[in-house]
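The structures come next, written out as structure tokens.
Next come two complexes built around subunit A: one with subunit B, the other with subunit C.
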Partner chain A sequence: MTRTYTPWFLLAVALGLAAIYLFPVYWMYVTSVKSGSEIFSNPPTFWPADPNIGVFGDVWARRAMPTYLWNSVVIAGGVTAITVVLGTGCAYVLARYRNVWIDIGLFCVLMLQVLPASVMVTPLFVGFNQIGLLNYPRTAVVLAAAAKAMPFFVVLVRATFMSVPRELEESALVDGNSRVGAFFSIVLPLARNGILVCAILTFMSAFGEYIYSKSIIQSPVLQPASVGLSGFLGPNSTDWNSIMAYSAIYVTPILAIFVILQRRIVAGLTSGALK
Partner chain B sequence: MRFLNALRDGVGFDILLVGAALLFLVALAGAPLVYNVLMSFQQVDMFTLGALFRPFVGFDNYVAVVRQPEFWLVTRNTLIFVFGSMTGQFVLGFALALFFAQNFPGAATIRGLFLVSWVMPGLVVGGIWSLILAGDYGVLNVILRSLGIIQANVFWKSDPAFSIWAVVIANIWLGLAFNMLLLSVGLAAIPRDLYEAAELDGANAFQRFWTITLPMMRPTIGAVLSLGLIGTLQQFDLFPALTEGGPANTSNVAGFWSWQLSFQLYDFAKGATVSVMMFLLVLFASVIYVRSTRHEVRG
Partner chain C sequence: MSAEPQIELIGIDKYYGSFHALKDINLTIPKGQFVALVGPSGCGKSTLLRSLAGLENISGGTMKIAGALMNGVPPRKRDVAMVFQSYALYPHMTVEQNLTYSLRLKGVPKEEMRRATEEVARTIGLDNLLHRYPRELSGGQRQRVAMGRAIIRHPKAFLFDEPLSNLDAALRVHMRKEIRALHDRLGATSVYVTHDQIEAMTMADHVVVMRDGVIEQQGSPLDLYDRPATRFVAGFIGSPAMNFIPARIGPDGASTVFDRPDIRSLPIGKKLDPGREVIVGLRPEHIAVGAADGAGMTLKVAVVESTGSLTYLTTEEPLQLTIVMTGRTELAPGDAVQVSVPSAHVHIFDAETERAL
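Take a look at the complex of A and B:
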């Protein structure tokens, strides 16, 4: 009797835990549609009394969100392109062989994975300043952020390549394919899904990139949405429904992609991050 | 011709693939790192910023940084931030991982939803927590008061005694899900029959956890803890969103301080010096990380 009910009881507890954990996300959406006075009311209302949907259109226009979001897309797209093109080949080689040189290469990649952006931003800024790259600030940010994103991508994609059977590639070589041919016609298609998931993860994290953009890009028309948000977010901000509406517009696409691809993303992470 | 052939068909192809990536990483991560160390021994100000050769000052920058009145405060905060966040993320993550290791419908899907916190931009997470942690209208105070845990409102962001903990709370929320996911993977790899055998021998749940789960999870725990340390040291976005290091540096940590020195006070030499110090800490963490994943890396 109790045995058949236990799973459903656990499911209820799990849903409760998820509700508590995801409360901040819910709070963002609820606060964005509340009126100004309702936000500061005590006790707070957990469901908006008079939802005001118009705030989204208002913030969208007033805060010049199309420009900011477009810059975010450009930066994230550039980061993803560089990371995928350079990182995939690197991950493939690191997965294919096993010797001292590969160990050294892997060690370097792991070490680079741990460098905090706040450590790198000072020398990158001064260096970019010296070679004149600060005149092309978005390019500078793309290069810096791609170097930040690549190690993680390599580690994850390497795990994907490890799961591609070596025999398939070897039989293609026996059949007269060149290494280049075997790589593009056999190995890459088999690893496509894993690479795609990692590319999406790279895009999502670059889409929220803040520190490099804030430090390097001075002109508001070139700044991404994160810097746009920081313009009116700080310890003493009170304009909460605009901030939350801005945040909601900013993260909803990311959250949607994540929920749709959740299963694949989790599988990709678990296979790569610990192996 | 032989060169082209090697490129198409031999080891040249591998060298090209790995070389392009490594060249890029050396140029944009390795070189800046060396340059950073160099700058920490130089005099860098607005006049010499663009110059290639700057006057060397030996350890002056290091002495100046340590003599800054906020140096020890920032050190203390960095330690609180790192260990507070890691402990919270690990303990709560482990508890959740154990819970979701039970067999019930939808466990994997619901567990996956937790990762939402990990894919959100840090600045947005900071903004949401800034609202939740607000002193007079923040929802956390209301909940804690109605549960009877606190009597009066806690001004999380502006009270010097709590400001660093405000960032710790937000960071625990941010990193908890990733910890849980990695620990879940480790838990799933423990063979079921070990538990069954122990149960037959009469071991209770606590004994099973202590004698089977923990020892079997040792490599995973090592990797998760060092990844947690690295992730926490990398955290930056929460600070500008929540407290900006204030009030009076009571929530400032090394990473944000280094950025402030460089980009708000334009003292690039001191900024570089602080980030070299922080890099040494990260190096220490990553040695542990690499050691704990080494056998897994080699497969």
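Take a look at the complex of A and C:
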């Protein structure tokens, strides 16, 4: 009896937890199309009585969203590119060589993860100011956020590389390839799925980056959407449906990308590159 | 088969940190020879093979392949092929792509590559599997692909690291013959690592027995069987293993006396210092059962095991010996048997150095 019901029970718990997390997303979409009075009605309505779709177009134009979103894409793209290129190389070295220096390196990389962005932002700001990087604020944010994203990426991709048997590489060497050639023709294709997953996660978290952008980028035309959203949230802001509409426009592309690519990744993983 | 050396190892040393993995290895392999490296786990067989492939850097000595100095030369410039125990097939490539990987790296023209693939596929019986991925093959088929990937290159030497240990017993016996036949057909030079002495004995022209990073003895299989240089080689080569009995050389210098008075002394067919502490080695298949010229000793049978064609006896009191008899026997546990060993088949090792005397 218990054996047959336990999985179902656990599934129900998992769904419940997912619902707690996903409910705000639903609430965001619903609120964005409600009228001002309906938002505050008690009891709340779970489905808008009179959906006002026009709010999206209105917010899109009024809040200069194309500029903000473009900046978010530029920053997230830059962070992902730097993290993937440098992090992959770093993860490979950390996976393949074992000695004291590598352990120290790994420790330092993990250390980066411990330091919160809110603590790091002031010293970074001062440092960037000294070398004149603040004249290129988006570049500065990309560098700072890439450093922040690196540990997570390196640790996960390192595990992926470690799952690729060393003998495959050695076999490629004996078959006449160089170390670099063996890396690109054998190791990288086999670690591709892991790297892809980590790159997507990096992109998505960089797309929502806030702390560095807020403090480093002063000019509104260079700010990402996360900072643009916070401009909305004043102490006496009441324009809830506009804020929710902004948020909806902001997260929908990420959700869509995630859903689309996740299917691809799962398909890739189950077809089994290894074994 | 010419006698020019294809592989020359002179005084090879290899350290892993402070661990001395290979100690002064000297080995010359003529072109066309099939050499087996045997020894217990951890004795350095794989290390030696990987050093030959260039996957490990040797710490000292001289290594030559086809006359060219190989010290410090990267694997891709050595022109040797290696078959790994795990086969190390590239999982993201089809069988065909696995086979042609090395040719593609060399920039061999498409047409030539296709011909080579077909020929190899026919040789190893993979014609209809070329478009499968390794995960879609059985263990034996994977093993063949690994072989094919090596032979398609016509390398200067083949290196095998326990290539059959993942196969079942029947397939192993079959592949043993097939690999040896392939070696002969290609006129290749092969170094074959195994911990299975039967594999080494049946396949190789030359067997190298290693122990703790040292070459204990090398020679033809029958040489090692007939004239083991040390007690270790004597115990390692031959199955079931040789019986060892501690003893002393008798006053006449030509026979051994045992510590137990109820064991008769044994003529050894040579002269040694009387009173010297020795170990007597008797191969199970050399012990004759039955009243042989009255010179034997009487022992009690403890266990009788029959395989149909062979019978294994284990004796007790006063001496525990393993004996192999051909055919069958009426003997039962508890029976007394007369055993004797011709003096030509008595091996004597020094008790201290364990070297053959």
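The definition used in the following text is that the second predicted complex is superposed on the first by the 234 of 275 C-alpha atoms of A that agree within 3 Å, B and C clash if a C-alpha of one lies under 4 Å from a C-alpha of the other, contacts with A are read in each partner's own complex, and residues count from 1 in each chain.
Following the convention adopted for this analysis, a contact is a pair of C-beta atoms (placed from the backbone, for glycine too) under 8 Å apart; a residue touches a chain by one contact, two chains touch by 3 or more.
The model shown is predicted, which means the values in this text are computed figures rather than measured ones.
Novice: Is A:G77 in contact with subunit B, with subunit C, with both, or with neither (first, second, both, neither)?
Specialist: In the superposed model, A:G77 contacts neither subunit B nor subunit C.
Novice: Quick one: subunit B or subunit C, who's touching more of subunit A?
Specialist: B
Novice: For A:S178, decide between first (touching subunit B), second (touching subunit C), both and neither.
Specialist: A:S178 sits against subunit B and subunit C alike.
Novice: If we overlay the two complexes on their shared chain A, which of subunit B and subunit C does A:R98 touch? Say first, second, both or neither.
Specialist: Only subunit B is touched by A:R98; subunit C is not.
Novice: By the touch definition at the top of the document, which applies to A:P48: first (subunit B), second (subunit C), both, or neither?
Specialist: neither
Novice: In the superposed arrangement, which partner chain does A:M150 touch: subunit B (first), subunit C (second), both, or neither?
Specialist: Touch status of A:M150: first partner only.
Novice: After overlaying the two complexes on chain A, where does the subunit B footprint on subunit A coincide with the subunit C footprint?
Specialist: Residues common to the subunit A contacts of subunit C and of subunit B are 178, 273-275, listed in rising order.
Novice: Help me check something: in the complex, which residues belonging to subunit A touch subunit C?
Specialist: Subunit A residues touching subunit C: 165, 167-168, 170-178, 181, 186, 189-190, 272-275.
Novice: Using the touch definition up top, name the residues of subunit A that touch subunit B in the complex.
Specialist: Within the complex, subunit A touches subunit B at residues 6-8, 10-11, 13-15, 17-18, 21-22, 24-25, 27-28, 31, 39-44, 82, 86-87, 89-90, 92-94, 96-98, 103, 105-127, 129-130, 143-144, 146-148, 150-151, 154, 162, 178-180, 183, 201, 204-205, 207-211, 214-215, 226, 229-230, 233-235, 237, 240, 243-244, 247, 250-251, 254-255, 258-259, 262-263, 265-266, 269-270, 273-275.
Novice: Which bits of subunit C are touching subunit A when the two form their complex?
Specialist: Checking each residue of subunit C against subunit A gives 50, 53-55, 74-76, 78, 80-82, 84, 86, 88, 90-92, 101-102, 105-106, 135, 149, 153, 159.
Novice: In the complex, go through subunit B and note every residue touching subunit A.
Specialist: 8-10, 13-14, 16-18, 20-22, 24-25, 28-33, 35-36, 39, 44, 49-50, 52, 96, 99-100, 102-117, 119-132, 136-137, 139, 142, 157-158, 173, 176-177, 181-182, 184-186, 220, 223, 227, 230, 233-234, 236-237, 240-244, 246, 255-256, 258-259, 262-263, 268, 271-272, 275-276, 278-279, 282-283, 285-286, 289-290, 293, 296-299
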